[in-house]
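Dropping the structures in below, format is structure tokens.
You will see chain A twice below: alongside chain B first, and alongside chain C after that.
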Partner chain A sequence: MSGSEGLLPPGAGYGTLVGAVADPLLRRRVGRPYWLAFAAGALGTALMLVSMGWLFVEGIGIWGVNTSVVWGFAIANYVWWIGIGNAGTFISAALLLLRQPWRAAINRFAEVMTLFAGAIAGLFPIMHLGRPYRAYWLLPYPNSMELWPQWRSALVWDCAAIATYLLFSLVFWWLGLLPDLATLRDRAPGRAGRLAYGVLALGWRGSARHWHLHDRLYRTLAMLALPLVVSVHSVVGMDFAASLMPGWEESIFPPYFVVGALFSGFGMCVVLAALLRWGLGLQAVITQRHFAVMAKVILAGALVLGLSYLTEWFTAWYSGDADERGHVRFLFGGEYAPLYYVLLACNVLVPQVLWSARARRSIGAVVAVSLLLNLGMWLERVLIIWNVLSHGYLPSMHGVFRPTFWDWALLAGTIGFFLLLFLVFARLLPVIAMHDLGKLLFDRQRAEAHAGEEDEARAGERPGGAGRGARPMGGAPPILAEFRDPLTLIDAAHRAREAGLRGLDAHTPFAVAGLAEALALPTPRVRPAMLAGGLLAAAFVYALCWYSAVLDYPLVLGGRPLHGWQVFLVLTFEAGILGATFTGVAWFLVAAGLPRLNHPVFDARDIGRASQDRFFLAVADPAADEARLAALLDGLGPLSIRRVAP
Partner chain B sequence: MSRPPATRPGAGPGAAARPDGAPPGAWLRARAGRALLLGLAAAAALGLWALVAPAGPPAAGWLVGLAFWASVALGAVALLAVHALTGGRWGESLRPALAPAALGLPALLPLLLPLLLGLTALYPWAVDPGTAPAPDVARLYLNPAGFRLRTLLAWGVWCLLGWLMLRLRGGARAVAGALGLVFHLGAVTLVALDWLLSIDPHFQSTAFGVAALVMQMMAALAWAALLRPAVGREAGDLAALLFAAVLGALYLGFVQYLVAWYGDLPDKARWFLRREGAGWLALQGASFLLAALLPLVALLRPGTRRSPAALAGLGAAILAGFWAHLCWIVAPAFGASVLPAALLGVLAVGGIWLGLAYGPAGGWLLRRAESAPGEGAEGASDGRVARAPDDRVERLSGGRAEGLADG
Partner chain C sequence: MTQLFPPVANTLARAALLGAALLLLGGMGLLVTIPFTPHVTRQDVVVEQPVQFSHAHHVGGLGLDCRYCHTGVEQSRFAGLPPTHTCMTCHSQLWTNAAILAPVRESLARDEPLRWVRVHRLPDYVYFDHSIHVAKGVGCSTCHGAVQRMQQVRQVAPLTMGWCLDCHRDPAPNLRPREAIYDMGWTPPADQRARGEALIRAYMIRTEHLTDCSRCHR
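Right after this comes the complex of A and B.
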């Protein structure tokens, strides 16, 4: 089982990988297909704006919602979009923690997919409020009405969960993007591009210390991402499960919504991967194997979903409850039954072709299955609302939902808006994490060089290394030794440290595994800080809920106790994640001393390649000079050794 | 802090003295005979109890013991099947600990008999079909014949699956693992409903099956941690898996409670209310402390994650908490006397099962499963696949000899 096999082009170098991603962005003009798609996206966006404007003028009566089916398209679209949004951050984080090499090519655009889809999803509940301009009432803020949000309402949980998720996803995406912005800064042909990317990169210089911090924080955030993703879609599931309707009050809904979300999100990820691969000519880095692996995940999702459907049907029958059974009968024989059969075909039946290895190897087949399953998942969300609300306990309330033009217009409009956002993103920012590709290539090289054994050997011969960690740069301008490959840089770092040089650092295009050990950088203590920040935020929000619901604004709801810890915990959890995230980011910026656009090392010649394909050892020791360093690094073949001109 | 003594052997002094590198379970293997005797004695005590007093509590105790050890074995099978699909270092390092448990499933078959023959002592619907949620449910599903058929059928497939997961290699193993997991999810949902939920036929929870599945994996991982298969970085993998499984089990448990609490419908609320009385709440509280809070907090420390000894301690705590959780589900229908019975049940089933699964018969099965290339493997690749299993057998049998010398 080799990791990177079939994921990178055979003769790839660090520079060519960066070029493959950055050049379509910086140097190539877009063709007609792009502008056609752009026009379609813009048109859709216009349609969305018009629909929203008309909604604000007329109210939700322009939709097909009625007194039976009060949720209609808006909530279905919300669940559909948040489902797509749910997968991106999850894919990126889970694959990072599971050390899956195929993550490198897909994580960036999956994260962006999350941001855009999540943001669009958030619009729908607001529009559905009826008085969207009062959406801020969902937030706890001091107000002259002396009102508090109702913490026991699933709508408030939604608000908290989506806000947390969007903020978190933004941070996670931004943190991964930061080094790539520096690469674009150093590679941009024009001054405007250099300036824009340069400011956004906050002065990232690929320092080994920064990479060390970055790596630690990024991993920690990935660990937070998994429970967060689960919680967000569980909250969406709770929107339904918390009501008393037959077919909704299911304890399996929270986990089942999570699975459904990942399923549809993976489907959208496949579609976007195929589009980007074709549109930006990324065949070298988004390969057939990526599609084959995602196809397996989709198949697994289809199976779990199918079993969930079975469980629902079976439990409805097993309960012996007339209404529960009536609900299942209505699924198969009611007003919407034909759509239900299409749903089952798209979500469960069609993906079964992916058992065949031939189908998995065909990108066309995988994309076709993904498109169908996205249709199926949209139907699923629509039907979960229609089927239940159209067929509730009271026969007098049975009624059918008929979508209006504005229902369709808003759905189509948001799809166009998503397309437009994505097209803009693909022209402005790298759709693939370049530093992750570099890391993947390095892993392959290291595996080829059997570096593992050497590492161990080195660890043995290291003389009293632990106590003598490389110290931060002093006042002296650093001497830079430039290398072509990271393994040599690690050797050089070992030698420099063993020779007792101080003020050691390195500048590299990605986090070189083993470099932090070679420089004896201390493990960043970001996790205790994040834990403290998270606990503090969680405690604050719990106290807030308790104070408002028990003391300041007691309101008995369905006979439930005022102190409903069961539901306060949901909000407390979200707050904890958010607190930990922001603590981590603040800690990172302070510890790394960023933003800092004027660092002396930027005066060095060719330092721009440190974000692309060169590896620099920096020595800021007053006792060191070029000649001594050259003697020390003899045999390692540095490309150049120069002192940075002050 | 009640904890099942039967889980102690792995954490005992023998295991602590085990030199790193020896295969897990060697210490256990050496004591298989004594475990069998202990188990038989405990089983006899339970049998006697059932004869002289109402059979409900001892039967419930047996059910807890059975569910406990079946969870360990089924979790091992599921983990092996997951590994067949995903690959990864963790599977290789856990395999020596999981393999005997997965292969021990057939050894549980005779232990199922008291349950299958004693349905009337446990389940109201077995006495009076009128207590089932609906007449057709009693006729088609919730009846003694159906219960026995489902359990035995599932067991047959599970035994086969465990065997295949160890015997097959490569692509055939992946396909069998995928199909097996699909079956597993369905079968666990039904069997968990039959065994545990149908004690109160009017309570349903659609997530109960998934929760049982995750808890089984948690139990198997905790069992593996007790046996200390992993050293160095591999211990970190085990720690991460344990953390994820504990979190998953906690999540699924909380979600079921939250939905029932929020809905506040009579049948669902009643089930929880019956389990809320001071004593039962304390039991579940102990379970939460041992199987959720303690591991989650302890595993935040990097030192704990790297130390096989600390992980073994956590494994014991998680298993104890899991036992308490099973008691919390089963016991309130029968009263407090189920707790000692459940302790006896864990000892009885565990002792007999360990005696069989880790005894000579289990060892023979393990050697057969590991030694030859699977029937599913293509003839052409015979030479290639035969090598790896041979190494493993050497390690296992070598360790076995060591373990025997130890004891």
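Right after this comes the complex of A and C.
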């Protein structure tokens, strides 16, 4: 694998990487461009709030929707936003599982993009309800009407899918952010900053046990994320495909929507990456290569999307159905045909320039393609609604949609709101996962070390031994040995365990691969717990669906059986994911003993650097003292060996 | 480095996390519960009327039939409120100087109806018809309670949709023979289930359509 080539600056150290991300945040004052963008975002937000307020007062009559095109802008914007929101968790989770090193610099802000875009997307269907204050009726809860949601409705699936996705993405993002908050706590120049980040970091101290658990939970969540990401946009596709309209009732819709969402999500990711790189001076960590790989993903997306369009036309022709054929004729020659040509150009033709390596290496070109494809994807979502609804089965119902001022105001307003949220985020939290960068650098360092002394390294890997080597720290204050580099720490950990020392732990800025084995830490049992939690939640929701649809509120729909297990599974799946996620988080907090804002190890000198660029071995064995440990670690060159004293 | 937080911060932080979780769950529980409470249903809330008319006196004491005043109950959706003339059938002769009846006399003199305050309020998207309920064996006291013992009429039933559905899904326990409809003291006999089923057939109630949405939401 080409590894981390071109992703990190050549002479980078752990400290410089942390500094590159944290210092613009903590120390640099923002300039005029930031405040101009902030003002634009605030203005947009105000426009959004005014539009929403007027909507609530007047009703959806202020939009251009009519009895033919009932979905209009609101649902198109919803699909567009949720599509943008799709890529973040995908980038973060799929690239983690695929071991793609270029994930490290872009996953954090992509996750935030997901959160914000997903939250904005969720607003649109609610506004479109007409009685937005009744949106909670979509949730199953014991109510005085003795009614339950209709589990066969795609709207109910949608509500569950988006809510699950948002909650999950929030947890996933938070889990990745937690160690970085500790870094900011230890690096913040002022006391207010240290306290604020300190509370949010929950007392994270980079303990090897915590990292071990964190790493495992994070990977497990990533595995849950993949089917979830696919399910969200499939469900959005089913909003359309489960209807009876020419051009919608096609089985290709769920996968076609998933690809479209990734496509537009990566497009937005490129734009944001370029903005952050320029605005925060992150040229060192967001590099040309990031844009080049994302360009390849975009190119692949454009090809699949082009194929989807071809399939759509082909099926219409091959089906011989007059209405399907009429729909395609309407696409190319109807009211909205010019927009359709723009769509095809933006989504399929323009991205073809990315075949050229020169174009992929030019950040400007990739950003330009991304902006155009986001326009194209917005047009696609708009046209998929306009073209179909304005040209349905009933010729007497044919009619076109013309957006009003408030349609445009709400779209512009939400873009402004997104901008505002993102600017606030970029000012308060690290836009790049610092501990992932550290891990990336460690991978490079280890690869270099291995190249020379592979055999020796293998000999150094001792079997797990008695497995009792590392036990939680007892009452005695630990002795800390400080190292400059994680490979030496692993060696030190091996030696300490060989020597039979008890109460071993380490404090590191990121999850050092191989450290848990060196300390013989037991495998955290978080996965069985998550499985149990997920199954329990899934079983509960399945039982709820069954009870409500079969026993409590039997409603025969078109002669379908009451026990429609196929549709119950949609909700069951989402509940399973949520149950596993929350079980995992609860397990993590309890097992790691967090929050623990005050801990003996925080008394140690320089322990603040354990979240940045130093690696500490902690020995809490009553039998050990500084001299014995120094003798044991002879030759490894620890920077210091000290007993923690309050 | 010194400790950023005192030891008590550990307890505080954990308590805050737990508290937030409990607050969230409790808040959701509260939101679920509130629609069942009288704050929303107005069950058992006594409203002030322009005249302190006592059903206990007129129905329980004197034994007036419901239909003496609520004349529309057998023919129309609305049971009807009596015109002032109905009051005056007796009160032009009885208690003609009673202070409590002053608004009634004034209403007659000015030819302006009394402005009674509605006790049983249904949302405007609910179609409710008294006549069909009375015709199919639902007695007054089933929904309105023991009016003959109320000094001031209050809403006894919650009038939630769930409460309506309880009967629409299973009407048998509440159906009476025609002669017992206006019997304010009616209690279901021991074999009500069997009698109710028989009444469903006798009244020709098509139970399979009782819970159609359009039955009440037209």
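Note that in this section the second predicted complex is superposed on the first by the 628 of 646 C-alpha atoms of A that agree within 3 Å, B and C clash if a C-alpha of one lies under 4 Å from a C-alpha of the other, contacts with A are read in each partner's own complex, and residues count from 1 in each chain.
Definition applied: contacts are C-beta pairs under 8 Å (C-beta built on N, C-alpha and C of every residue); 3 or more make two chains touch, one makes a residue touch a chain.
Everything quoted here is computed from the prediction, not taken from an experiment.
Once the complexes are laid over each other on chain A, chain B and chain C both fit without any clash. In the superposition on chain A, A:Arg360 makes contact with neither chain B nor chain C.
When the shared chain is aligned, no partner comes close enough to touch A:His210: not chain B, not chain C. Shared-chain residue A:Ala604: touches chain C; no touch with chain B.
In the superposition on chain A, A:Ser251 contacts chain B only, with no contact to chain C. Of the two partner chains placed by superposition, A:Arg277 touches none, neither chain B nor chain C. By the touch criterion defined above, A:Gln566 reaches chain B but does not reach chain C.
Judged by the touch definition given at the top, the superposed model places A:Ala242 against chain B, while chain C stays out of reach.
In the superposed model, more residues of chain A are touched by B than by the other of chain B and chain C. Within the superposed three-chain model, A:Tyr318 lies in touch with chain B and out of touch with chain C [touch as defined at top]. When the two structures are aligned on their common chain, the gap between the nearest CA atoms of chain B and chain C comes to 22 Å. Only residues 1-10, 13-14, 17, 32, 35-36, 40-41, 158, 160-163, 165-166 of chain C touch chain A when the two sit together in their complex. For chain A in complex with chain C, the touching residues are 141-147, 185, 194-195, 198-199, 202-203, 589, 595-598, 602-608. Per the touch definition, chain B reaches chain A in the complex via residues 85-88, 132-134, 136-137, 141-142, 178, 182, 185-186, 189, 193, 204-210, 240, 244, 247, 251-252, 254-265, 300.
Residues of chain A touching chain B in their complex: 1, 97-99, 226-227, 230, 234, 238, 241-242, 244, 249-255, 296, 299-300, 303-304, 307, 310-312, 315, 317-321, 527, 531, 558-560, 566-567, 569-570.
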